[in-house]
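The block underneath contains the structure these notes are about, expressed in structure tokens.
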Amino acid sequence: MLMETFYAFIIGSLVVLALNRFPRIAAVVAIAVSLLPLFALIYWAPLVGLTLPSYLSLLRFETEISYALGPGTILLQITPLGWFFLFLLATTFPLVLLFASSFVRDNAGGFYASMLLTMLGSFGVLLARDMLTFFIFWEIMSWSILALVLRGHDRRAIVSYLAFGSLSAMLLLFGFMILYYKTGTFLFGEMALEATPLTLAGISMIVAGFAVKGALMPLHVWAPHVYSRSEEPFVAFLSGGLSKLGYFGMILFMYGVATVPFFATWGTFRGVPYFGYALAVIGAFTAFAGTVLAIMQDDLRKLLAYSSIGQLGYVAIGIGIGTPLALTGALFQALNHTFFKAVLFLAAGAVYYRTGRWKISELGGLGYKMPFTFLAALFAIFALASIPITSGFAAKWLLYEAAIEQGFLFVTPIMLIAGVGAFLYAYKILYGVFLGEPRHDVREAPLSQLVAMWILVLPLVVFLVFPGWVLDITSPILQEYGMQPVAHTPYVITTNLAAYNTIAVILALIGTLFLALILYKWKPQKVVPHEDNYLAGEPPENYEYISMHAASNYYEPFEDVFGGIFRKGAERGWEIVLAGAEFLSNGARRIYTGLTEDYSIYILLFFLVLVGWWLLW
Amino acid sequence: MVALPPVLLIALPLLFAFLAPLVGMVSRRMVKLYTLLVLILNALLSILLFINVMANGVVYEQLSGFYPPVGILLSVGYLGAILAVLINVLSPVVYLSYFGEAENSVKFSMLYMLVTASSTGIVITGDLFNMFVFFEITAVGSYGLVASLRTKEAFEGSFKYIVLGSIGSAFILMGIATIYGYLKTLNFYDIALRIDTMPETARLMSFIFLIVGIGVEAEIFPLNGWVPDAYQGASNRVASFLSVGPSKAGIYAIARLIFTLIPIMSGFELSLLLGIFTLVVGELAALRQRDVKRMLAYSSIGQMGLILIALSLHSETALVAAVFLMVGHALAKSILFIGSRDYSGGLLRNPLIAGPLFLGVLSIVGMPPFPGFWGKWYLMVDLASRGAWTIILLIVFTAIVEGVYYSRYLFRGLNGEIRTLTKSEIASIIILASILILIGLFPQYLYDPAVMAARSLLGGGP
Amino acid sequence: MIPELLQPVFVISAALLSIGLYGVMSKRNMLKIIISLGLVDTGVNVLIVAMGYLPGGTAPIENGNYALYVDPVPQALVLTAIVIGVSVMALALAVAMGYYRKTGTLELDKEGVMKW
Amino acid sequence: MVIEIIEKILLLSGMVALGFIIGMFFNGFARKVTARIHNRVGPPIYQGYLDVFKLFAKKTNISHGWIFDLAALFSVAGIALAFLFLPVAGISLLSTEGDLFLILYLLAIPALGFALGAGASGNPNAAVGIMRALMLMLAYELPLVMVIVAMMVHYNTTSLATLVQMQSNFKWALFVPQFFIGAIIVDMALQGMLMEKPFDIAIAPHEIASGPMVEFGGKHLGALMLYKMMAIVVETTLFVDLFLGGGVVLSVEQYGWIAYLVNFLVWFALITFVFFLALLINAVFPRFRIEQALKFYWKYDALAALLLLIWVYAGVSI
């Protein structure tokens, strides 16, 4: 059924293209096809030690397959790592399509077709067994994203995506070629890397190529533009699912193909190879700068985009540190980020669907109008801010523990302060969009959108109580790389330094909440409209909401302090690089003067040079 | 199956081309249909020939009753067969885009058939002077096609093409004269057999003459001044056809020159160097280009450089890459050039136009599974197995530059006032894109012939 | 291999070529360029004819006495080349005419759009 | 088993009640001390109790909807939760179930809950106050976490209970030279945590009408006051646990229940002393604007903390 899944995706994308005029039917077809990876996921569950009831696995999928595609051979095989990331993508994907069924209006067939191709590419990437297969599917994924980006009609998004996409592809290709040159094989399993500077350069290029997709600074420039100018269901999948593939690749190449001893050849810093340490530092910087930039955004989508960049920085930190604890933390963070950021982008989409606005300063008071959207977003925001009553905290906690375990004195505070910064922008979303003055008379989001959001909240709730279950499915990955899994029970995670018991926290919170509730219900209360208190029930003439809802320039003092340093820093740098290339380009263009005399002089000169070179000299 | 003589491929369209005015006398509107039918017939013939070659090996045919080496010999090799199919199949598809035009120019159709026939002639001939003649017919036809738009730019571009083309043909003639002066033969096989008996200097001189002459047609860097001007001045379908027929024939001639005719080591080195220069200059020049046709022309130059690099690496993998690059470039560029009429705005808002153009861009920048990807991949694999990191670095750099300017291209197609293409042009690019997809999904049907072509070339065959 | 007798011919050929190329490289008037191209063609043709020449050779007509004859192939080649050259020149003149009709001049425009 | 659970629940509830009682005492204590420094008489020392009871006894309570109510609930419950996870006088009720990171993040629950309700009120003053409070939090957290990380690496633990244990027998962190500096840095951060001057711009009563609390009244305000009072206890206890050995002077194994009593009294004396220090600073300083506060913490405090990190880095090898 594995090969058939790929066929189903290709045929499905053609069918939905043909159904362009019937968006509803197209959505149904697309969702039906999108469930296939989910079945594969269930069928392969024993691979990571999960035993699911057999009636769930309706379809059978091969665990390994090879398919001759003309010049090359497509080699596919499911691994625990692939399974983990497939879990993230396959669960998110049908739901964003469900959301899209009411959100995407014009040219829906194209949208679903491109989405299906994106998933096709990701599916192949996660199963790839050699570099050719990996690259083919990776690029299919990349260009189908480009097709979706084109729908946004935004210059910066298109140019930055394709430019950085090419950069990423070429870095990968270059790196793959170096590995091929040194090992003589494309198969991941057969590569025995010698520790030479050339291989290190190859691995560095590959990691840099993945960093583009994972939006690590300073390679993140495309992400805010793309995230803020594309349709929300796609962005939810891009940020939630596809950006993880960059980190999937990093783990695969840093711990599957290369190994810790390989990197340790060039020395270690506190038990972490310099290479990993550098990645961790970049990750920490990304986490911090992404957070600072997110605080300063007014466009909801840009805020979420920078937040994505920042949160994914943590994943890079974990991968860089590379201890079992850190890798577990990185995977856990990736999982959390998938679900809460998908929910947030979808919630933003739902808000836009009803109000038609993106600017936080133009929204407000939707909490009472769209309570279910608000609650889903609230939960996701709690997870984003890593409040200890959510699964978001467990991931961050693992990463902090890992950093302290290695004695990282300078990286850890940056991680922590970026975590605090997350409160600031999290509150900005809450206040600017959902709290404060009600300014739009709107209804709750459509059912399909609510269902999509709430199903995505579900894993966050489950892993809030039982973070150990995530550790269960990450353990086989660590074992595959010869590492010791982190000690855990379903709700207690134990490290060398401390333990974290979710049940204790949750029960204690329930207890204290109960106490507070008793205190609170002591006296009755009455609900009055907002204006009644501070406007004494008499709104003045020419009552302007904008003056009352203090959400524009919310963190203005903050921007005064940080704005100059952070805003557009990376973009400027890349613009200089582009300007350099355009300078060269001008030089090359000047060759073609448009004059026959010059052109014929070139020919004669060329002739004379050749004659001189070969015959006389 | 009846083995049809390959000469039909050249003779039929030539004959029908000169019959076209007769048809035109009956009804000028009939001419288009007539031409299309002739071209389709030719495409079918070329496919038959291709099947024959793949099944039975190289097909020879002697013309005009003399035995080789005196008589003219046609020899259809594997690479020749692939390119013959490429040219002859794409030529009617590109011609299809002419149907929407109001004008019914008999001259245009004639020239079109002429160029198709003579480009095919270049890739299936076995005689040096015959090749020269076909080169000249191709060139004359192309000059006329470029000028067919009858604007100032068209005339200017055409004139530049004529000047450089004539100088190029003079160089080819001198090369032929040198070779003939020493070896008294013009047959490829004969020359290849006895090329070692030529004095070193004469051999090098003839090589230089020929590469300078052919290089003008094959769009190699210092010799390709006409390319941007002619492509910019030409109408969209002419530019499209130029990138299918003449340029591919030119690069085929280069391949024959460096592999069969004068296979000297320094020849490969030189063409490698030229390829690198062509690639870098072409891609860089495209980066800042605002005129879409001109940008595509520079991009074509870059692609030619890439193909030349692949050819001059002298290995099976690289030659397979070259075949894929040629096919991919011909298909993708013809799509993009047809889409370049009035490109300034809104074109990509129509899904039927956006789809093929998007696929074209993907193939050019080397995205899988399109042929451009296989070309780049195998080229990289070959370079990597030699550890030629400098060249890889340059290719990587130019690929990123390509990404930048094609992204600008895509953006420009999205915003602005709504324009569209004629129905026939849309049909044409859709057919081209389908071929692109088919090759992408079933690359083995190109791969196997490509491998045979590579082996044959490396063995000194056609 | 090449008879010394022919050396003046080579000189003539080279001179024609050089003049032609110089014309192409220095003139901007279309007619002058076309004339220069004609000179280049002629130069090359002279060279090819000279290649086949044998001192004292006759025309290769089958009359039983062809021990010493001029190589016919170059002559055939040159004939073809001349034909081609004429057609190219005709086309070039047509293009020049068209250009003239559009712009009213035969000078190639230095400030035109067709550059860079 | 059941008895054990009930025992545990009673202990926990007692601890929460104790926290509230001490918190209310601190409120009166603060007003008294400040008044004396200002050479006034001031309210009686039990004024805190009176205020809270009065607010909870109010008949009319105004709310702005369920999100508004969440604020009071979450702030009280959250701060109590944080208190339970702290070792108090060496008694670790829940503190072995989590660690310092957990406590740092638990402190955010009441703050966010509070902010949620204040935001839901729709009053611009509240929004401005919350903005300032959050920025202040960002400001003081940087030096705070730097010092905490330095301590974690130095002691090679992240558990606060273990940290307190390692400081028993008067091996207080305060007496380690680098952490003496650390204590000063954290004390400055504590000033911001407690929102005492010069860092009380967030709740500035004269400018933005007490900021976040402006819309609250009756039991809502009572709950928020409870939260503010308890927060004083939690934050000073955190300081004492970090640097002053958590107030543990006698070992429980050796002295039995007397040890509990003595430790408890010492802990109480220490947190009072720490709070007293904060009050002294509070009484004599004017207030910083928010960007000044940010610059103060990130420039001077954090710079000192950076030096501390370098010091610890030089001294620690793993």
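The letters A, B, C and D name the chains in turn, as written, and every chain counts its residues from 1.
As a convention for this text, contacts are C-beta pairs under 8 Å (C-beta built on N, C-alpha and C of every residue); 3 or more make two chains touch, one makes a residue touch a chain.
Keep in mind that this is a model prediction, so the values were computed, not measured.
Asker: So, comparing C-alpha centroids, which chain is the farthest one from subunit A?
Answerer: Here the answer is chain C, farthest from subunit A.
Asker: Out of A-C and B-C, which chain pair has the most contact pairs?
Answerer: By number of C-beta pairs in contact, B-C is the larger.
Asker: How many angstrom lie between the CA centroids of subunit A and subunit C, rounded to a whole number?
Answerer: Roughly 67 Å, centre to centre.
Asker: I'd like the Å distance between the centres of subunit C and subunit D, where a centre is the mean of that chain's Cα atoms.
Answerer: 98
Asker: Could you state the distance in Å from the CA-based centre of subunit B to that of subunit C?
Answerer: 27
Asker: Starting from the mean Cα coordinates of subunit B and subunit D, work out the distance between those two points in Å.
Answerer: Here subunit B and subunit D have centroids separated by 77 Å.
Asker: Check each residue of subunit C and list the ones that touch at least two other chains.
Answerer: Each of 21, 24, 33, 108, 112, 114-115 in subunit C touches at least two other chains.
Asker: Residues touching two or more other chains, restricted to subunit B: which are they?
Answerer: Residues 159-160, 163, 167, 228-229 of subunit B each touch two or more of the other chains.
Asker: Can you tell me which positions in subunit A touch subunit C when the two form their complex?
Answerer: 589-590, 592-597, 600-601, 604
Asker: Note which residues of subunit C are touching subunit A in the complex, please.
Answerer: Touching subunit A: residues 21, 24-28, 33, 108, 110, 112, 114-116 of subunit C.
Asker: Enumerate the contact residues on subunit A facing subunit B in the complex.
Answerer: So the residues of subunit A in touch with subunit B come to 20, 68-72, 107, 110, 132, 135-137, 139-140, 142-143, 147, 150, 153, 155, 158-159, 161-163, 165-167, 169-171, 173-174, 177-178, 180-181, 578, 581-582, 584-589, 591-592, 594, 596, 598-600, 602-603, 605-607, 610-611, 614-615.
Asker: Mind pulling up the subunit A residues that touch subunit D in the complex?
Answerer: Contact set of subunit A toward subunit D: 270-271, 365, 367-368, 374, 382, 385-389, 393, 396-397, 400-401, 404, 406-410, 412-413, 416-417, 419-421, 423-424, 426-427, 430-431, 435-438, 497-501, 504-505, 508-509, 511-513, 515-517, 519-520, 522-534, 548-551, 554-555, 557-558, 560-561.
Asker: Considering only the defined contacts, which subunit D positions touch subunit A in the complex?
Answerer: Going by the criterion above, the answer is residues 9, 12-13, 16, 56-65, 67, 69, 72-74, 76-78, 80-81, 84-85, 94, 96-102, 104-106, 108-109, 111-112, 115-116, 119-125, 127-128, 130-132, 134-135, 137-138, 141-142, 145-146, 149-150, 152-153, 156-159, 162, 214-215, 218-219, 223, 226, 289-291, 294-295, 309, 312-313, 316, 318.
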